[in-house]
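Chains here go by letter, A, B, C and D, matching the order in which they are written, and residues are numbered from 1 within each.
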Amino acid sequence: MQLTVWTYEAPPHVGAMRVATAMKGVHYVLHAPQGDTYADLLFTMIARQKTRPPVTYTTFQARDLGGDTADLFQQAVSDAYERFAPEAMLVGASCTAELIQDDPGGLAEGLALPVPVVPLELPAYQKKENWGAGETFYQIVRRLADRDIRPSPREGRAPRCNILGPCAMGFRHRDDVTEITRLLGLMGIEINLVAPEGASPRDIVSIGNADFNVVLYPEIAQSAAKWLEREFNQPMTTTVPIGHGATTDFLEEVAGLAKTVVPLSLRSEAASRMPWYSTSVDSHYLTGKRVFIFGDGTHVLAAERIAREEMGFDVVGIGTYSRELAKPIRKAAAALGIEPLISDDYLEVEAAIQECQPELVLGTQMERHIAKRLGIGCAVISAPVHVQDFPARYSPVMGFEGANVLFDTLVHPLVMGLEEHLLGMFREDFEFNDTAQPSHLAAHSPAAHMPEPSAISVGAPSNDDGPAWDNDAEKELKKIPFFVRGKARRNTEMFAVEHAITTITVETLYDAKAHYSR
Amino acid sequence: MQLTVWTYEAPPHVGAMRVATAMKGVHYVLHAPQGDTYADLLFTMIARQKTRPPVTYTTFQARDLGGDTADLFQQAVSDAYERFAPEAMLVGASCTAELIQDDPGGLAEGLALPVPVVPLELPAYQKKENWGAGETFYQIVRRLADRDIRPSPREGRAPRCNILGPCAMGFRHRDDVTEITRLLGLMGIEINLVAPEGASPRDIVSIGNADFNVVLYPEIAQSAAKWLEREFNQPMTTTVPIGHGATTDFLEEVAGLAKTVVPLSLRSEAASRMPWYSTSVDSHYLTGKRVFIFGDGTHVLAAERIAREEMGFDVVGIGTYSRELAKPIRKAAAALGIEPLISDDYLEVEAAIQECQPELVLGTQMERHIAKRLGIGCAVISAPVHVQDFPARYSPVMGFEGANVLFDTLVHPLVMGLEEHLLGMFREDFEFNDTAQPSHLAAHSPAAHMPEPSAISVGAPSNDDGPAWDNDAEKELKKIPFFVRGKARRNTEMFAVEHAITTITVETLYDAKAHYSR
Amino acid sequence: MTQARSASFVGNPVVVPTASDRPVLKERGQREVFCGLTGIVWLHRKIQDAFFLIIGSRTCAHLMQSAAGVMIFAEPRFGTAIIDERDLAGLADANEELDRVVERLLSRRRDIKMLFLVGSCPSEVIKLDLSRAAERLSREYAPDVRVLNYSGSGIETTFTEGEDACLEALVPDLPAAADDAPANLLVVGTLADIVEDQFRRLFAAAGIDQVDFFPPRRARELPEIGNHTRVILAQPFLTATVRALESRGASLVPAPIPLGIEGTDAWLRAAAGAMGADLNQLEAAIAPARKRSEAAVARIRPELEGKRVFFMPDSQLEIPLARFLAREMGVHLIEVGTPYLNRRLMAEELALLPDVQLSEGQDVERQLDRVEAANPDLTICGMGLANPLEARGMPTKWSIEFVFTPIQGFDQAGDLAALFARPLGRRGRLAFGGEEAVACN
Amino acid sequence: MTQARSASFVGNPVVVPTASDRPVLKERGQREVFCGLTGIVWLHRKIQDAFFLIIGSRTCAHLMQSAAGVMIFAEPRFGTAIIDERDLAGLADANEELDRVVERLLSRRRDIKMLFLVGSCPSEVIKLDLSRAAERLSREYAPDVRVLNYSGSGIETTFTEGEDACLEALVPDLPAAADDAPANLLVVGTLADIVEDQFRRLFAAAGIDQVDFFPPRRARELPEIGNHTRVILAQPFLTATVRALESRGASLVPAPIPLGIEGTDAWLRAAAGAMGADLNQLEAAIAPARKRSEAAVARIRPELEGKRVFFMPDSQLEIPLARFLAREMGVHLIEVGTPYLNRRLMAEELALLPDVQLSEGQDVERQLDRVEAANPDLTICGMGLANPLEARGMPTKWSIEFVFTPIQGFDQAGDLAALFARPLGRRGRLAFGGEEAVACN
């Protein structure tokens, strides 16, 4: 058992729902009790979709457990087929139904429906949402793709690709697809299909018609794309186009696969505003800000590169809840010389951030809670999604406009450069107390001054078992602006421990400051 | 003399600078002391422009005042002409030079430069920035437009328009132009020129080549457009396309002028996400929120319609600092049955907002300060601009994407619907104290709990000379969530005054609540 | 305001035939409702020093954060002990695992005074004995933390039945009143703090001081119970709790739910009657609030009068709400669904409810067919169903809002009416909505 | 740490010929600098109970909010009385208008203890007599509010000269020290609070307790002044203030500005010498801080060594900063501009400064031509000029940052070095910047 306050991923059957809902002409019959119908609101409320997900739940009850749950399931499949007339069906079980072992696949097969029925085995006590989505998409492609359909010879036609990965309830997938489609259009590349989002089973049949696959979200599309590479000889992209540099690299990779060249305008630094905005003197203050990055594997890897190469931050913490992408995250962490955090335990993430005392967190909605509690700024860069992640406006994180969006997103939580200076200069000013927040944020003060949170706390404050601060040193520390005080406290304590100092004085504080200068 | 804490508009010569900087091939010589060079940073720092504004300042000093400031000016004009070789020049004085009465126009004329020189008379102690921009643009058009250039007959060609008004340092002008150009493109309309932004004097010469004028910012373009209507028979648009409905109306107006029809896709409610997002059940809580709107005339008029028709708010206060647009604002206020506030006195605006106790302010960066002090949410919808108003990402407020942007912008500061409910339900919860802010905003608490601001306060709290609250009534009031408490307090006090009640009890509170129900 | 008045309702009563044995359409099919776990969303706010630990799957954890996540400011006072493979395969001893999780939780969070172990579908199916675990842990953590258990599983409970199960679990902990204790009034069912305060004031003004509310705001402030306890329901969904309270000697005061003016008036009178209070004094006490509420409600009535309303089954509040709409707002009811109908607890409500199609249980697809066919002016439904109906031009109201909003009592009658009027008013305000649904994603 | 050390500088001294009568390129042309009003941006934060009321035009008000606006959290403690047509046309009596504005201000803001009437270009040109107005108002509001005046006009003052004018105006208010008062040390020029605290500690450790800072943090905490007062400058731009202090009997302690290790060391020694302190005790007091600052500065030096730096004239801090860069960081100076060169106050600095092109005054176009030609590794310049240079691939540093940042003293020497290194380091970090400027707007 794992104690969970927040969970980063839904159970795997929700991943399957995301694929079913993204597609057209698919219906999913899920063997599940009534409570599991909550998942509909993810789509209709959080993502404001206009139609219910194409999912039928058997909603068996305790009294059904005697023995007729299998009949109930078969009846539900028949009824759903009648009512919705899908081109293909998915069948499976949620966590509770998995325990009663009714074999949805076998039961559905027994009905001999005249459409393909894809049985899904998604072990609910082992796997999670993204795996569920990836497995579902893979099973659909494997079952439906027509192996006889291959692209015609390249001469005399435009190169053609599939865009794989975009899905319902995905973090900014809606706008990422628009942005990438636009860029591919400017490259003269045709789109054979986008899947799962918007694709029908019929579309999937002719997936082989493309020259190569663009994999936008490896968590969802990688299994299917690897299978297509193996079985259809379709090569795939490996760069995820998040950030200015990654977008440039992605376009080069695409050009290689498409045997074409990237137009000059898309190779220019003016292709997004990120290069200029980040170079501009107003952004100098961003240099060396200590950031902690946590989220899904794809977005964390991208954010790490952006933070370092495009914002000029210092990445002081990195981690992911995507165990599937632990390997590249470990590699990135090794290059940074830090320990990665591969965990889906919210409490562990909270402890790591508190220990790290970053100036900015790039994370998920969950890290937003943590950062709020610690009085640190946070920008959301990854699922799990929230209603705020489906804005009305165009908000991709991919492509060049995505780089623009990310620049604004990452800068927003920070105190602006000249404000920093004034805050540092006149700490005694009675208006410059710790409740003074970035002036561009409305009516706020940092959580540091809120009543002590009643959360499951991550235990001892940082100096409980470390060196003690004498009075003058504590006072001197308070003269440091709140947005760097955590770092100063941490550095001083580290310095004290290293030098076996048990009582921190004003001198220790300045010795540590000099020691860690820069 | 007027006591000013913040000013809504710069002096008129900054308006002229905005036009000069927007255009290509223009140089402006400004008779002004060195301090006035600060204005360069508006463009290079706030708007992050990559080049200095094309402005030469004479930077005369006290010791020059004896008599050679006129020579200094002539020298500056000659030098600037030599160095920058502009196609046309503007000359004028800032506030200080106006007092020494050197006649920049006459002095420049005396130099007999081989390019058009437009003298600007911008009375600094009378007029302000927008007027200065409008006057400058009008003088330029008047001076440069070739009256012999008229459009060819309409048969066999696309309709053609000028887009007038976009300017340097304009609130979202950069992206508004992109959005409107895109929409006009979808309508099959050609753009003859966009001005001032991006236009050279040469372009202005052939301004007569368009069938009609699209006036995006009346403050800046109206004088010129009216002159063109009179002298060139070019009709002009009168609808400013901010908001979904106004964009639809604008396109219809354009279609009328262009003698064409609006394509179906641009007439659909799906042309922006505003209609669906605002209709969706998640937005029901927006209904009847009391908003106060203040800013420039154009954006306030647009925001008023959006607030009412597209967000479902109640507009309880409206005003502008644009005296030029006082008339339509008065009309809008009359339709709402409220008194408009036509003022550029920040302290007066502050008092009006405090009196009104709205739940949301739509205003400028200045009202953001006010709202922060009062603990009210605020969305910025109008100039004066701030570095935050030049984001990296695409952020128009015009057209359909502008409607999307505005939906997000207006919703962002508010507590979300279900949060409202929980806050109202369990006021006693120790975590639900008044520091609990919208959960989607990071690390904040409302200013209400910050140390009493040391600002120039707008005087007495609302109940100083009104009825007194007894203890129990005060306690009961505190049980009302902070985001509606101001309104409850105000309503109760109004009710008490109307009913000649001197001491407010719990019963008065509920009598007032029933009285104002809805 | 001492003028005595008769108890007759003074709004705009709609006189219709009523009967408590009226026919009900019983449906069985796909249900689209939350499970009982969702009750934690408000219970963890109401009982401020309690923590709710669900023993369940990742689905349970995800349900909680999805249903409640958008409403949570600070850290929630609930969590999930997620059962994993090792627990199922018997590689880990479930009780040891649970002990470990509880220890981690309590050592980090010392403000917890009461811990509920909440059963779920998986824990029920694998027959995890949470009551024994609760007993064991309660012994271990006594006297600091009391540990109780109940089931919020979706195979046994529907939405608000979670509160019923939670309160039922609390009943054995209520201290026994002395045999000679004076009569006390126990108001049962979660109310907003402000509404409790109002009722307490009204009862006090009517001379009734022995009033307790259940659940209490703090876990250790449990009211006494005994033969002289009069139970009156503030919420309709408390079947098991009433049974448990009766088994402790309390007696139920028959009354409608205090929604709307009529409901509140009758409820207060029933309570006062049961407590032997002076009805003239009661009338004097409540007349001002009732009078102003009439004005407030009357102002909104024109917006709802004659409108056609459909209730999907969700919170069991459907019948009292429908009764209010029909009798006080002049609404025409198309269908009133309820997930479960307790005829005894609903007897006074059913007596007031006009003749209308009642349905119990659900077959969501067929019910939506009926909604579509009826094209109501307003449909009250669950969160997952609302936007698809809105997109088809049919205004909706989330049923969950009636659980989360202070709507009971005179001074909230106007708010209650406004809640229903708001979706209709919004359509009127907006310049949109004329178009058929067009996919915009 | 009692080991005595010689005063010789221990960094990496760059030995160069120096002379105090070195040649200076004097330029006259367009100046691109702030006027003296801008000093209010930091002065209104430093003197917390003072308010600065500019008597000027809309331009003055706009300058203040543009230059300071992005840095202001709460309401500023400054404002502008905007002169309008009526004032100019004589329709309104300027003094009456001013009285009205001041009354409105003071009645709304009762925490003001000192009010500065600040003259501007327009008020100077129309010859508004603010000193008489200040006297009159001071009488009227005595004893609550002291009213003073100075000019921050751009026809007379450049940027930091506003602070000079403000402090000069304050000098007559300094209480006279008794003739037999002990010697006191007066540190003049705005410092960050934390730096003042550090210096105070160091002086105390060296046995010097009679230390005052000017300006003070509160308007009424004015230090005494007299014949025994030793004035030492923390900022270089205080020509008029020094003159005024000297006229009150104080004597100036010649010293470099306390920037960098060398500057701080010499400054502390000069102060200690003037106060007759024991230099061994001083050495013991300052050695630890100096030692750690050497380590901090050495860590950053490699990033700056050999880099070519150009100073545009702006704050008058250019010469001390250039001296630090050249002597402690091994920087190659291309040109050091200053808006005004006070050879007396800068004598110790000039003696240390390597041979370099000095310029005084400005012709901004020609100077930018020189920047372009030299293509420096770093250009220190005003806010309006920075981004156009950055866009051409030339890293810049805002000169105003050196006024707003705690950079003085040993413990800030590393921060000072880091300020210069940051723009260069940023270029190194970013994957951009290889391309020539391309318009992206």
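Simple rule for what comes next: a contact is a pair of C-beta atoms (placed from the backbone, for glycine too) under 8 Å apart; a residue touches a chain by one contact, two chains touch by 3 or more.
Because the structure is predicted, anything quoted here is derived from the model rather than measured.
Chemist: Keeping to the contact definition above, tell me which chains border both chain B and chain C.
Modeler: Correct list: A.
Chemist: Could you give the separation in Å between the centres of chain B and chain D, each centre being the mean of its C-alpha atoms?
Modeler: Chain B and chain D have C-alpha centres separated by 36 Å.
Chemist: With chain centres taken as the means of their Cα atoms, state the distance from chain C to chain D in Å.
Modeler: Here the centre of chain D sits 67 Å away from the centre of chain C.
Chemist: Could you pull out the residues of chain C that touch at least 2 other chains?
Modeler: Within chain C, the residues that touch at least two other chains are 70, 74, 386-387, 391, 439-440.
Chemist: When you check chain A against every other chain, which residues touch at least two of them?
Modeler: Those would be 45, 48, 50, 273-274, 276, 280-282, 386-387, 416, 430-431, 437, 453-454.
Chemist: What's the contact topology between the chains, one of line, ring, star, complete, other?
Modeler: The chain contacts form none of line, ring, star or complete graph.
Chemist: Can you give me every chain pair that touches, using the contact definition above?
Modeler: Those chain pairs which touch are A-B, A-C, A-D, B-C, B-D.
Chemist: Can you name the residues of chain C that touch chain A in the complex?
Modeler: My answer: residues 29-38, 55, 57-63, 65-67, 69-70, 74-77, 79-85, 87-88, 92, 94, 97-98, 100-101, 104-105, 108-109, 111, 121-122, 124-126, 153-156, 158, 365, 382-388, 391, 437, 439-441.
Chemist: Using the touch definition up top, name the residues of chain B that touch chain D in the complex.
Modeler: Going through chain B, the ones touching chain D are 1-7, 9-11, 13-14, 33-42, 44-52, 56-62, 65, 76, 79, 83, 94-96, 99-100, 123-126, 128, 174, 347, 365, 369, 373, 386-387, 453-459.
Chemist: Quick check: in the complex, which residue numbers of chain B touch chain A?
Modeler: It comes out as residues 45, 48, 50, 272-274, 276-277, 280-282, 368, 371-372, 375-378, 386-388, 391-395, 401, 403-405, 407-408, 413, 416, 430-431, 433, 435, 437, 440-447, 449-451, 454.
Chemist: Sort out for me which residues of chain B touch chain C in the complex.
Modeler: 244-245, 268-270, 273-276, 278-284, 287-288, 308-310, 312, 416, 418-419, 421-422, 424-432, 436-437, 439, 476, 479-480, 506-507, 510-511, 513-515, 517-518
Chemist: If you look only at chain C, which of its residues touch chain B in the complex?
Modeler: The contact residues of chain C facing chain B are 42, 45-46, 48, 70-74, 192-194, 197, 201, 217, 288-289, 292-293, 295-297, 299-300, 386-387, 390-391, 396-398, 400-401, 404-406, 411, 414-415, 418, 421-423, 425-427, 429-435, 438-440.
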